[in-house]
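Shared between the two complexes below is chain A, which pairs with chain B and chain C, respectively.
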Partner chain A sequence: MDFAISSIIFYAFAAMALICACCVIFASNPVTSAMSMALCFAATAGILFGLGAQFLGIVQIIVYAGAILVLFLFVVMMLDIKTEEEDNSFSVFSSLLRMAPGVLVAGVFGALVFLAAIKLPGATDWNNPLCQAWNSMSELCVGKQEAAPQTEVSDFGGALPALNPAAAAKVLNPAISEEEAAAATSMPDTKLLGQKLFSQYNIAFVILSFALLAGTVGAVALSRKIRKD
Partner chain B sequence: MSLFDTIWNWCVDLLSNEIWFYLITTVVKLVLMFAVILAFVVLSVWIERRVAGWIQDRPGPNRAGIPLQLFRQFGSKEKQPLKEWLHFFGIPETCWIAKLCTWLRLDREIPTFGLMQPCLDGGKLFLKQELTPSYVRKVYFTIAPMLVLGPPMVATAVIPFASSVSTDFGVINMVVANIGIGPLWIFAISGLSVYGLTLAGWSSNSKYPFLGGLRATAQLISYEVAMGLSIIPLLMMFSTLNMQDIVQYQADNGWTLLPLWGEGLSWQRWAMMLPLGLSFLIFVTCVFAEANRTPFDMAECETDLVGGYHSEYSSMKFASFFMGEYAAMVIGSALVVTLFLGGWSIGFGADAALHSVCSWLAVFCQFIMFLIKLVAFIVFFVWVRWTLPRFRWDQVMKLGWLVFLELAVANIFLTAAVLYFVK
Partner chain C sequence: MDIPLAHYLILSGLMFSIGLAGVLIRKNIIVVFMCLEMMLSAANISLVAFSRANGVNGVPVYDAQVLALFVVAIAAAEVAIGLALIVAMFRARRTVSSAALNTLKED
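After this line comes the complex of A and B, so read on.
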């Protein structure tokens, strides 16, 4: 039940995010683009909620949908950018030529994401039709060789930790017993994130904060009018 | 087996199922919370006008009742129902009871002390002609009022209105969504209403609404920063983001601003009062600014901007903006009550005592207490509106960025110091 609902949430919001992302590009009105982008962020936040990462989801809404995108909209409205007009002067060939780099970049990026995704633990041994199809296809490709070993190690950070409320409770408080950990129902992702950010990644966090501060100071320095009097 | 038993057993079976129990209780809580918020939107309009009348030394709307003319079958105007009732009980028409009833206008209407006025206003706005100017951008013009009214309604989901009750079927937590990010949820969702204001200003395609929309955007974004920073001292003390846990802490250890029992009696807790008081001041001011209320109603100040972002709106679309503003005010009040004034907690250890008697009674009393606190804070809201003059636009911006932001950041360090050296 739990699993089914989270899957439904994931696919519904993922589809919504993709459709909205396409709308951002294809809408001729810049305000429609901006609003589609807001919806896209909201859908991404929905995916994060569905995965139990409530803090990340809400930060997505506060920071992107609530602040950054409002500023986008603000600027678009202030400049009063007119609706793009259809331009028919290009031939089919030149429009294909214009599309080619975009398609190429999208294809390479999609392939990278796909390759990373199939190396995630449990991605290839999961009993879903997509993975079965992939398995049978890889068997076809490699001929009589054995199927790729079912790896639990990602390319990026060594072994990935288990991601469930019980494991999270265990990380947060190692003294906790197995039963108590199993009774944990929600992910305390705010606490987990805070602990990681302020212990393991503290230096990186401080350096990034200074980078942002430098950016802010630079923006103020550039936009400030110095009075002559 | 009687029909009643069958239905009863069916209900028990249904509630024994964990998922159905969760769904049913959630829907009931959802409807209750929604009804409370909508009722409070109406009530706060009435409070606003009555308090305004009181402050300006005039009665305000105190007449609108339910006219008995509506109930024709009880008698026409000549055949007064009041006279019939008096006759029925054998009371003479010159008796003091009859005079009191006449003074209360019981011969003409069911008195509601003017509470019917907002409903009648709503009816009037509903029946008015809907006038959409020809030069507006229709799609955004239509969805803007929805984007203003919707977010405050969604944001109520995390506000706890009573503690929890354990029944035979499971524990009912008296909050619609008991998630671990309570205040952030409210900030995020009610922050989305800025889209409504901006789009209303832009899609109206005329100058005053556009300026109003721009002002609203700038103001809401500016004050959101200080608002988010101002509650960090609180979160440092509670060390949780779950609203129900926050209120439970206050019920056990004294309200944030009134620590008179539990742990609140220690001097260490009182040493926290300086940063907490400061954060209350900043937070309440930011709530005023976020709700677009005087002294911060720059977005719709009629002396500068006619009606601000809703100048071009009429009928029910205008009413949606109006209701959205009051809904934001109710949510803001509920948030302040929950974070600073103890939420549903009755205080002085009465919560635990009532719970040991009967948890349903405790929950009911806590719900009533929450509503009382909410009304009290709404009155405060209105009181401020009719007391303080409006700021100038540059003053609002300066106050937000140069005073409150710095104060809020300094307050975080002050709280850290107090927590480090005192506790």
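After this line comes the complex of A and C, so read on.
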């Protein structure tokens, strides 16, 4: 069994993200929740790095794990919230009953997404232990199925296409020659993103900055002390 | 690169549904809000994975990454407003439990 180091890192980060997400829900202390959320976002940033979106990974760390998390911790500590103690007054059964509808709805949603995604061509025929386990389990449950007739060619099957720095350099600057493009070794991720952001999406970007301004003004207006007189 | 697109989508879907479960079962509004943020960042994983999978000639579709960037910015604005609302609610009711928001419920 051979699998690349990048896929091991992906599955490690994915497991870390899911475990930390569960910790956010089940921690009784909001500070513990916030810290698990930071770890979850760090793992998400790792996955984005693995996808070749370095800029978005950095943004994920700076904005989510930096700014948003600090804001949450500020509020938790400013409000001095005691940990939830309501669970002590109820039995385990009644707290499970209270959680059942939420878990059911989320479980059905998660199962729908899972079953839709696992049907994508190439989702399970890759040489890694998770896929092999899924294949043997589904064979055990529904028997060996012959492959469904391929009606249309799907773009989304199989492994993700490899990044191509030469083509990216050509996109960035169409004037350069083939040799110069071929000499490019790393993906100019941030440059390409910035090119899109400041040309095609420039108006949306400006409107977005107004949304942020409105958010800032709104936060100040809402958290101001209202004088009674 | 050994990982198919489907695994990114499964990860994103599972993270989204964990966040959804948190929104539905937790009573502490701050934790509910953290779960909302988790749902947004799960959606971002999907966007970036599709941008990579839909790419032409090894160059990802950067429109999707621009959209993901917008999602992050809107999430930041939303957190600022939402936490200000939570502070205002705490001032008015001395609690952050969503069970305390029952003014409109007739009894």
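Everything below uses one rule, namely that the second predicted complex is superposed on the first by the 128 of 229 C-alpha atoms of A that agree within 3 Å, B and C clash if a C-alpha of one lies under 4 Å from a C-alpha of the other, contacts with A are read in each partner's own complex, and residues count from 1 in each chain.
Methods note: a contact is a pair of C-beta atoms (placed from the backbone, for glycine too) under 8 Å apart; a residue touches a chain by one contact, two chains touch by 3 or more.
Every value quoted in this text rests on a predicted model; they were computed, and no experiment measured them.
Is A:Phe10 touching anything from chain B or chain C once the two structures are fitted on A? First, second, both or neither.
After superposing on A, A:Phe10 lies in contact with chain C but is clear of chain B.
Which partner, chain B or chain C, touches the larger number of chain A residues?
C
With both complexes superposed on chain A, which partner does A:Thr190 reach: first (chain B), second (chain C), both or neither?
first
Please indicate which partner A:Val31 is in contact with in the superposed arrangement: first for chain B, second for chain C, both, or neither.
After superposing on A, A:Val31 lies in contact with chain B but is clear of chain C.
After superposition on the shared chain, which partner residues are touched by A:Leu73: those of chain B (first), chain C (second), both, or neither?
The first partner, chain B, only.
For A:Ile61, select first, second, both or neither according to whether it touches chain B, chain C, the two together, or no partner.
Only chain B; A:Ile61 stays clear of chain C.
Would you check which partner chain A:Ala211 touches, where first means chain B only, second means chain C only, and both and neither mean what they say?
A:Ala211 sits against chain C, while chain B stays out of touch.
By the touch definition at the top of the document, which applies to A:Tyr201: first (chain B), second (chain C), both, or neither?
second
Can you give me the overlap between the chain B contact set and the chain C contact set on chain A?
The overlap between the chain B and chain C interfaces on chain A comprises residues 55, 59, 67, 71, 74, 78.
With touch defined as at the start, can you tell me which chain A residues reach chain C in the complex?
Residues 3-4, 6-7, 10, 14, 17-18, 21-22, 24-25, 30, 33-34, 37, 40-41, 44, 47-48, 51-53, 55-56, 59-60, 63-64, 67-68, 71-72, 74-76, 78-79, 81, 84, 86, 98-99, 101-103, 105-107, 109-110, 113-114, 117-118, 120, 122-124, 126-128, 130, 155-164, 167-168, 171, 192-193, 195-197, 200-201, 204, 208, 211-212, 214-216, 218-223 of chain A touch chain C in their complex.
Using the touch rule from the top, collect the residues of chain A that touch chain B in their complex.
1, 31, 35, 38, 54-55, 58-59, 61-62, 65-67, 70-71, 73-74, 77-78, 186, 188-190
Considering only the defined contacts, which chain C positions touch chain A in the complex?
Residue positions touching the partner: 1-28, 30-31, 33-35, 37-38, 41-42, 44-45, 48-49, 51-55, 57-60, 62-63, 65-66, 68-70, 72-81, 83-88, 90, 96-97.
Would you tell me which residues of chain B are touching chain A in their complex?
19, 140, 179-181, 184-185, 187-189, 191-192, 194-195, 198-199, 201-202, 210, 213-214, 217-218, 220-221, 224, 228, 241
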